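Look at the two complexes coming up: chain A is in both, with chain B in one and chain C in the other.
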Partner chain A sequence: MNNPKLGFVNKNRRELGMLGLLIVLVIITSWGTRESGVQAVFESKFLSSDNLKNISREIGIYGIFSIGVGIVIITAGIDLSVGSLMALLGVVFLYFVTPTETRPDSFLARIIPEIPWIAAIFLTLLIGTAVGLFQGLLVGKLKLQAFIVTLCGLLSYRGLARFSADDTSINISDSSQNLEFLRFLGEGSLADVLTNGNGSGLLHSIPMSFIYLICFAIFFGIILHKSVFGRYIFASGRNELATKYSGINTNIVIAFAYVIAGFCTAFAAIPFCIYTGSVQPATHGAFFELYAIAAAVLGGCSLRGGEGSILGILIGTAILIVLRNMVNLFGYPTPLSDAITGGVIFVGVLLDQHGASSIKKIFKKSH
Partner chain B sequence: MRGINKTFPGVKALTSVDFDIAKGEVVALIGENGAGKSTLMNILGGVHQPDSGTIQVNGENVSIKSVSHADALGIGFVHQELNILDNLDVGANVFLGREPRRMGLIQKQIIEDKTNPFLEMLGLDISPNTPVSKLSIGQQQLVEIAKALSKEAKIIIMDEPTSSLTISETDKLLKVISDLKNEGISIIYISHRLGEVSTCADRVVALRDGSNAGTLTKNEINHDNMVSLMVGRELERTSNESGSNIDISKGFEAKDLISSNYPNCKISFKVFSGEILGMAGLVGAGRSEIAQTIFGVDPDLGGTIYIDGNPIKRGSAKASIKAGIYLAPEDRKRTGLITEFDIIKNVSLASLKNYSNRIGLIDSESEETTASNQINKLNIKTPSADTPVINLSGGNQQKVVLGKWLSMNPKLIIFDEPTRGIDVGAKAEIYKLMRKLADNGVAILMISSDMEEVLGISDRIAVMHEGKITGILDREKFSEENIMNLAVGRSS
Partner chain C sequence: MKQKVTDLLIKTSILTCIIFLISCGKNTNNGDDNSASSNKVKLAFVTNATADFWSYGKAGAEKAASEHDDIEIEFKMGDGTAAKQREICDALLVRGFKGIAISPPNPTGQQQMINDWANKASIITVDSDAPKSDRLFYLGTNNVEAGRQAGELLKEALPNGGKVMAFVGVGDQANAVERYQGLKEAVAGTNIEILDLRTDEANIGKARRNAEDTLTKYPDLAGMVGLWAYNAPACLKAVKDKGVAGKVKIIAFDEEVETLKAIDTGEIHGTVVQQPYEFGYQAIKALRSIIIDGKTPNDLEIPETKQKFIATKMIRKGEGADYLKKCQEWKKGG
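Here is the complex of A and B:
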């Protein structure tokens, strides 16, 4: 209290530590991908504007659904359904914007009407939010275990997506609508949207999904860290009973976290399927729930609930994406990327929980 | 144990403390919370290592490195929070980690045969196959003692063994202690309940602020001596003043209230504005459930409650809180506080709407001001308002619970075991606060199993037995005997 500066460092110790890790990763990757000489670091492949644009687009998409999952984790819950829900919503969204004749023959393909893309966006967001509400009521009101509820979601949404797409890929190119502006919104840059595709310069390097993420982060940052509802989220996650004894309807608070997660997932699903151009329902968004959990945990969310921050989730997401990018740029085999990611998360969390001494101890013991 | 020193980061927990115990002796270790009792015993039990000092067992110098080392030396520790696995049966708990096995398989019969004699010795008439979840807390405690005995413990440390026992279970435990003593086993008995200490201890060792405060021999043991050793001064006895501002036309009333564990009993009573109504009874009489029903965290099964004559909405804590009915629950850490949150956030949790603007953003400045006011008013001892309450002592935690409610508009405050686990000095402060609240026109319902407390500060006492109120005593009828008679269901 007497020293506000120290207070800031203490309160954000976790975030600052992870920010350090992110900076180290950025430096290593820049150094490793430079042509030659020290000067060339700034012209490395990693720092090229195309690469930066690509990773910030990915950070944007992953960050949005990670915020949703992170909020659920702060309530001491978990959401495993994110990746499957993205596949299902991807199929649904593309059905909305493609003519019925081009779709494979399945139940869902027959009942989903073709509608203008703006309406498709709203309906997709609505469906995602409704799915979140459904899971939230099961967890919050009926007190079913979040792990089980969302595990069922993981299996059934994926299955439903594959079934309704007849296990073939659905392509955005089958659409007969003029989707140019939708493409700008989904995979374009800020310059594309502002100048209808003619822009260049700095604005051209900022993908829209990154802009969305910034908006989500500010909005949910304020909700989580400044609002009454956010305080209830932390309180319910930390000690639900004591929160209930303070006259707060924790059932609704917890249910609402899943609604937020559903909305965030739906919001990320749209630019993601525009970016990929097609949805192959068996693999679209696979493992995304786990990347989201990893990002949240890296960023300081505790699976026991009651801990975490939006800033941390952003940093966690950035670490994941930069790591993967590093593996690609260094020319390591892509299949190795998850293994490396897993290793870095493990070391990061270990360092955070036990400090550098614990790692020394492990190595000492093994010798 | 000689000259034991122990420092934790930022705290000097023990300063050259001496402690000894003879074979077959019962030594009570007393002291206020934070006096160092637990630290000293954790050192003896191998949980912590001392910074300096020596420990001798049977005349030999030892340094106790771990809990299993302490076990091997014959030192058993029965913790306040039972370390018992309620998904296993009695025998499995007793032999946990030392299961007799053949080819890796557990020999159940051997466990049974070996467990039985200990159960008999402790007067436990149960089979080793009984699941622990079927046992009462008192029986579970005895299972823990059986576990210590099965490891051939010569010294058994009991930390607040009676804090969740009923009166008859407590009596039984005290008898077990005297039996064990006759078997030559030494007992270290840590307790805040001075009555029990006088009954069972051969010697009393008091700690104060991490140092020895003195020793009492058998015939010096009495309430006043113990209290003055613990607090280092003569403490005024609990006030016997009655409420000065009782208004029988106002306050709280329950009519035909039904609570979950006695669905066939309807209960009616009043707590007048300005009075403290004590509620006595044995554990299991249904007192806490009545409190939870009134507060709205238990379901509404029927009945009406009134504040100042107006019926209020029931069925949720939210509705009760809105009507000014607050609960300071028995289990502060589980239901009263979010212990990892700081004082500010705990104080404001129930009334956050008062600190927020139209769009639901919290004004942290006014939140902090309120917390600071409560810290001053209630004399909460804390380094700062943003200290997590887990770092506070029990008494100060209870004050934070109070701060949460007093920053609002109390009509009825229900205290469930308000001083459980709170040391003597802080107890007196809590009593004063309760009296002051009553004098300001709040109705106070105090559920307590501490006879001295009930008799000392109530204006009237309601006694419960198996879900019913068997009698309400006025001050002139206050006596332990009258309460006990009603508590066991005899009318006085």
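Here is the complex of A and C:
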């Protein structure tokens, strides 16, 4: 019982299971897209530097806001407003960097001034964090249900984004500032940023968004798993009342989880709107909240709260993105993509909860 | 503890089996990339969103592919977002596609990504253009010309002139502006008076209300023009409701089933249709000529403007059923 290796397996059972799934996915996709012969698996289209760059860029963006949503889920809450908030912040960010005369005629377009892009990044992060704080206070302090609060957010931020953009698309190319460096920071690679777009080699295959994700993962990993505040988050999620009676202000802990989610969403919103080059407020970031929830749940977060890890969320995000990439690389019809993703998540979670034990029972009966 | 490890092993192996089955499906459905088919040049058509319109385009693209054994094509439908289109095109390029025809949902915002793709493959735009990007050329409809054709139909329907109202979803969208402009140009100098353009923000319920209100406000209305596909059927419902079907002449755009049926019964005078089948057919043909035969857009008789327009067609009484049949065949993949 005291075998430390088995202790590790037991402690990280879910993460390891999903890591297994991710590895299987990677092997199968590499095998299915290899050029020729068995040895060519390592030269497959999946493992080509272009493709690895594409998927790690997406994992970076999706991973950042999934971490925020995952932390909210650990406190037994939920955040449904992520996609809509990304659309709203996308519109706001692009308003900050484009001249007033290029914007559609709306209230928000008139009051938002054009500012240098560095200031625009900080202000966008600030607005996202403030929105998170607002939702956090409603859930943590006023004890409104998280589902309802963030559902209202989902509807109203989307509506506000569409209204403020007059339902037209806002384009980054309308900006009169030199945004080349911002583009490198958003969708470029480490080599682009270091050499101003002339880089090549390994560094060229590492997108900036993936580096941001690694930083986020390390930072929030330490907060969640190594700090006292992290323990409060888990405790509030597992049993809020007991945590409160042990002298911890759970209101603040829960509210803070939403602040983190707001910040993470705002941080992901900027590279994502650079990645798409424009924001169409009606569809920008649609269903992202559900991808984030799926990534968190796949990675071992329990919707009942009190369970989950940053590593798990990262693995969950990677599974989602690799699955989509697999569907695209295999040339399946696009509509099947979501069906396959949904199916694999379902089977994964089902097996995680019941699969193995039921199968073992069947074997035992047959003996 | 040992049980936990066994648990993990069982789960992983079951998932492996499932995913293996999925990937087997790929090999039988689409042919393995390693087989002889990899000698063929791969071309793709990526749409902006899903619509019946594009299933006709798909039929055209497949027809073009069937005429050559040195190309294979994939037809991908987007979901209306630039993000999805980027995901699809990035994967196509990784898979070694040499030419892609795309219909960008947001041409201005996607300029940069179109330029990135154009560095790796031959890119043409179809149906919606990004003129400032590095795309080779554009294939699409001339909406001003389409508006003029609607004007011609209107002149046939109302030889003595009269008051006419135009309807559209969003008034400042490029195709709405251009169609309305063409319509006004065509009827200039006649007794036909275009009253105004009513918009409904693509809300079909509101489109019908607009038509009803117009009939109430102008009892002497002689004609209605629906500039977007659903507008004419909405006008038709309002006209029938009021009992003036056939008296108030309706001119439509596109090939809605209701429109085509009503043309043969005489309740709608005629419609102007785009030719998405030709979009698909000509796009794939052009990409093949450029990539395999080494032709330039000039050789393909693409005008200096780098925009090639595919003429719209007028459908009048007696032609509705035939056109509907053709559309249904295209939809079934014929």
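Just so it is clear, the second predicted complex is superposed on the first by the 354 of 367 C-alpha atoms of A that agree within 3 Å, B and C clash if a C-alpha of one lies under 4 Å from a C-alpha of the other, contacts with A are read in each partner's own complex, and residues count from 1 in each chain.
Rule of thumb we're sticking to: a contact is a pair of C-beta atoms (placed from the backbone, for glycine too) under 8 Å apart; a residue touches a chain by one contact, two chains touch by 3 or more.
Since the structure is predicted, the reported quantities are computational estimates derived from the model, not experimental observations.
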| item | value |
| --- | --- |
| Chain A as common anchor, with chain B and chain C clashing or fitting | fit |
| Included angle at chain A between vectors to chain C and chain B, based on C-alpha centres and rounded to the nearest 10 degrees | 130 |
| Touching partner for A:Gly247 - first (chain B), second (chain C), both, neither | first |
| Chain B versus chain C as contact partner of A:Gly306, first or second or both or neither | first |
| Chain B versus chain C as contact partner of A:Phe267, first or second or both or neither | neither |
| Touched partner set for A:Ala235, first chain B, second chain C, both or neither | first |
| More chain A residues in contact [chain B versus chain C] | C |
| Minimum Cα separation, chain C to chain B, after superposition on A (Å) | 11 |
| Set intersection of chain A contacts, chain C complex versus chain B complex | 1 |
| Parts of chain B lying in touch with chain A, wherever the complex brings them together | 295, 297, 316-318, 320-322, 327, 329, 334-341, 345, 349-350, 352-353, 356, 359-362, 384-386, 404 |
| Touch list for chain C against partner chain A, complex | 1-8, 10-12, 14-16, 18-20, 22-23, 26-27, 29-30, 33-34, 50, 74, 76-83, 86-88, 90-96, 105-106, 108-113, 170, 201 |
| Interfacial residue positions of chain A with respect to chain B in the complex | 1, 222, 226-229, 231-232, 234-235, 238-239, 241-249, 306 |
| Residues of chain A defined as touching chain C within the complex | 1, 3, 6-7, 9-10, 13, 16-17, 20-21, 24-25, 28-29, 31-36, 45-46, 48, 50-51, 54, 58, 167, 169-174, 183, 272, 275-280, 283-284, 286, 324-326, 328-332, 334-335, 340, 344, 347-348, 351-352, 355-357, 359-360 |
